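Next come two complexes, and both contain chain A; in the first it sits with chain B, in the second with chain C.
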Partner chain A sequence: MHTIDHYAYGNALRRVDPAQKGGLTVLAIILCLLLDRPTVGLVTLGWMFALTALWARVPSHVFGRTLLAEGLFLILSVMGVAISVSLNPPEIHRIVWHIGGLWVSTDHEAIRVAYHLFTRALGCAAALNFLILTTPLTDLIELMRRLYVPETLIELMTLIYRTIFVLLESMQRMALAQAVRLGYSSPGRALRSTALLGSQLFLDAYRRSRRMQTALKSRGIEGTLRMLPLEYVYDRRAWWVGATLGVSLVVVGIL
Partner chain B sequence: MLSVLEWDDVHYTFPGASMPALGGASLCLVYGQRVVLLGRNGAGKSTLLLHANGILRPSAGTVRVAGKPLDYSQRGLRIVRHQVGLVFQNPDDQLFSASVAQDISFGPLNMGLSIDATRQRVSRVAVRCGVSDLLDRPTHALSGGQKTRVALAGVLAMEPQVILADETTAGLDPWMQHQVFTIFNQLVAEGTTVLLATHDLNVARHWADLVVVMEAGRVVTADTPAQVFADPTLCELLGPSDPWGKDRTRPTFRYEAGQS
Partner chain C sequence: MSRTHRWLIVAIGALALVLLEGRPAYAMHIMEGFLPPLWAAFWFAVAIPFWVIGFRRVNRLMTEKPETRMLLGLVGAFAFVLSALKIPSVTGSSSHPTGTGLGAILFGPAVMSILGTIVLLFQALLLAHGGLTTLGANAVAMAIVGPLVAWGIWYGLKDRISIWVAVFCAAAIANLTTYVVTSLQLALAYPDPTGGFTAAFIKFGTIFAVTQVPLAISEGILTVLIFNALQTNAETELMALDVLKGA
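And then the complex of A and B:
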């Protein structure tokens, strides 16, 4: 999370309007879903990798690793589509293994569907990776505010995003304090320390929320968290990038 | 002299507590004063400060801001929170947004300022607090000293007449403390009153115009540093100026090289 956050705040597209970056992402996702061809998914992936690495200048290994994590989850989920497991011998499958009492089977159609699903989902994931690696959450929240997402949700997201880091810091401090007093010296102690840490963190979060409320009151809060709209740079190139991306995906999808 | 903030015989007991946190605290501050609030842990310093802008309401007694008794209606509180700014000990309790600029803008927008006016204030106050280059940074990537200055900027953006800082300089290195005191000094020169609650007796001795000492929920004294530190009873109350003590006995046993 820290890595993604780090690059989201420090890439070459940081100042570009999140609406433009979000627009590119949504365009890629929609085309990927509508055209529904493995090549489109793979071309989207290539596009997003190029945009993130070359345009936003985020190191390519960061994009690669994030995508790898998502890819592994995807593989696990499409396995269920590609392979069926049953106690009785399957009737239609052409490729069958008999392991112990289980019949594991697959066929070309199942593999084709799984491959379709995998590439389509990976293309969409890559598009989202481009967005999260170039746009910090503060900008995404700002974008949602402009899109008239309910104020309560915006406030919740603002506070949660901020307090994640405060609590994370608090947790690291507490865990360190436990570790220096041998709190994690054996599996049993580690388990007990973790439980204690969890409960203490809950109390800490509660106390912090009270103090934050006092601080907000003292700065004159009146029901809603009012904040300055952030300012961005409007990048004309994003239109050209979007148009080229769209045309190339459609061409790949139709051919 | 015209008083900017006055606590008049203020009493307060926290819900469920047996002892009152404030038992008749009285204090009067005037414009453009450097005030240091001293007192042991639990003496009621923070509780006193929370009464100044209506976060807590006294069970008896009056708080007056610019000579007028505090009005606890929503409108009244909006005015008083603009006049009296509170900076908390832990900046993480105060900074609610991951965007530094948005956090600083919170107070001015609550006061009803327009977007443009708020933007101007944010950049002005950021220059004053030396956080201009941090406006684009996420709050969680700031150091302790930077967070303190951003928290201070968030309060200064409301342009209060009194700043009440609760142990704001605690835990900062001397350079960071110097930066915070530089801001305080500028504010005082412009007529703002700055009150700092602290345990640092040196600050009280050398920086303050007025030293306020609290004990058990009451203001024991409010006087010049010279007067306060000349009083042996008060010095006894405040604690030793050399907390490390005089015992410098050498150990009778020493670990030699090779021993474990």
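And then the complex of A and C:
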């Protein structure tokens, strides 16, 4: 989490308008889903890797590691699509294993669907990775504000985002303090320590909210919290990138 | 040892690694791009009425009682951080609590539908777990149905049996429910070629059940322990939360 947040704040595209980066991502995801072809997914993956590594200058291993975690999870998920399990021997499937009392089977069609799904989801995930590795959440919240997401939600999200890291640090300190006192030395003890950690974290969150409320009140808060909007750079190249991306995906999808 | 034999062992080892060790922490999130566009849209449509109800409640709370603004912000962050907490599972591995049970008991299902969705959105944007097009489906499982089930069980049982049993049942069953709903969503989108929807549902359900039943029990125990600790340490704070539930 810190890695993604770190690069989101410090990449070459940091100042570019989030609407442009968001637009690129949404375009790629929509085309991936609608064209629904393995090559489109793979081409999107290539595009997004190039954009993240070359344009935004995020180290390629960061992009790779994020994608690897997603890829491993995807393999597990698509296996459920590729393999059928039944109590009776299947009639239509060609490749069959008989394990215990179960018939595990698959065929070329099921594997094709799974491969389809794998590439499509990987392409979409790569597009999302491009967005989250180049755009901090504060910018995305600002983008949502422009997209007419209700002010209440915007404010709630801003508050949550800004306090996550405070609470996380507090949790890590508590967990460390417990660990050095052998609080996690056995599973039973670990469960007890985790529960204590959870409840203390809740108390911490609650007390912080009271303190913040008091601090804001003493400074005369009236209704909403206001943040200064950032100044964004409007990058003309993003249009060209978007157009080429769109055309290349459509061409690959139709051919 | 023959060549194929060796490859078989390597393949099985790699598979075991993926299944057991590399199992991602947020295994129940449906990934970006995994659902076909129609199903993604369908689950958004299902979620919208609940979001409207939750949003109205949150909006009213924030205008009527300004101090709930900070409270909601902090408990939202708490929910996010809690989901990053590792819990030791009965099987020896460790995973993360869904937090739906605790959230529903503490904040009520209406507020949970909004807070839970924001947590899911943040998980997609900060941790690359889940996705934007699948946010509707994930929200239905984890921010809407799970909390509703937990709330229903807790509300129905808390005055009849020991409160710990009620908390355990609410948290454990809510955890399982999120998985059942996710399996249902996957089975509807990808029915099995041999057995159709039912076979697919059982199949996806089994994939999750292997890891999930022990985790549900762990989450149940953990929630009871947290609730216990909260009752001894934070009674006044818990009373203040009744504001969120409208009790």
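Descriptive notes on the structure:
The criterion applied here is as follows: the second predicted complex is superposed on the first by the 252 of 255 C-alpha atoms of A that agree within 3 Å, B and C clash if a C-alpha of one lies under 4 Å from a C-alpha of the other, contacts with A are read in each partner's own complex, and residues count from 1 in each chain.
In this text, contacts are C-beta pairs under 8 Å (C-beta built on N, C-alpha and C of every residue); 3 or more make two chains touch, one makes a residue touch a chain.
Just so it is clear, the model here is predicted, and its values are computed rather than measured.
Look at A:Ile29: by the touch rule set out above, it reaches chain C but stays clear of chain B. After overlaying the two complexes on the shared chain, residue contacts for A:Pro38 are found with neither chain B nor chain C.
By the touch criterion defined above, A:Val81 reaches chain C but does not reach chain B. Once the two complexes are laid over each other on the shared chain, residue contacts for A:Thr138 go to chain B alone; chain C is not touched. When the shared chain is aligned, chain B comes close enough to touch A:Arg226, but chain C does not.
Contacts of A:Ala205 after superposition on the shared chain: chain C is touched, whereas chain B is not.
Within the superposed three-chain model, A:Gly242 lies out of touch with both chain B and chain C [touch as defined at top].
Legend: residue contacts after superposition of the two complexes on their common chain; A:Gly64 is shown touching neither chain B nor chain C.
Using the contact criterion defined above for the overlaid structures, shared-chain residue A:Leu128 touches chain C, although it does not reach chain B. Judged by the number of chain A residues each one touches, C leads among chain B and chain C. The residues of chain A shared by its contacts with chain B and with chain C are 5, 137, 159, 161, 166, 208, 212, 216, 221. Every residue of chain C that touches chain A in the complex is listed here, in rising order: 18-19, 22-24, 27, 31-34, 36-37, 40, 55, 58-59, 62, 66-67, 69-78, 80-82, 84-88, 92, 102, 106, 114, 118, 121-122, 124-128, 131-133, 186, 190, 192-195, 199-200, 202-204, 206-207, 218, 221-222, 225-226, 228-230, 233-234, 237, 240. Only residues 5, 9, 14, 136-138, 158-159, 161-162, 165-166, 169, 208, 211-212, 214-222, 225-230 of chain A touch chain B when the two sit together in their complex. Residues 50, 53, 55, 74, 77-78, 81-82, 85-86, 88, 90, 92-99, 101-103, 105-107, 109-111, 115, 118-119, 122, 136-141, 154-155, 158 of chain B are the ones that touch chain A when the two sit in their complex. The touching residues of chain A, when paired with chain C in their complex, are 1, 4-5, 29, 32-34, 36, 41, 66, 69-70, 72-77, 79-81, 83-86, 90-93, 105, 107, 109-110, 113, 117, 120-125, 127-129, 131-132, 137, 140, 150, 152-153, 155-157, 159-161, 163-164, 166-168, 171, 187, 190-192, 194-203, 205-206, 208-210, 212-213, 216, 221, 223.
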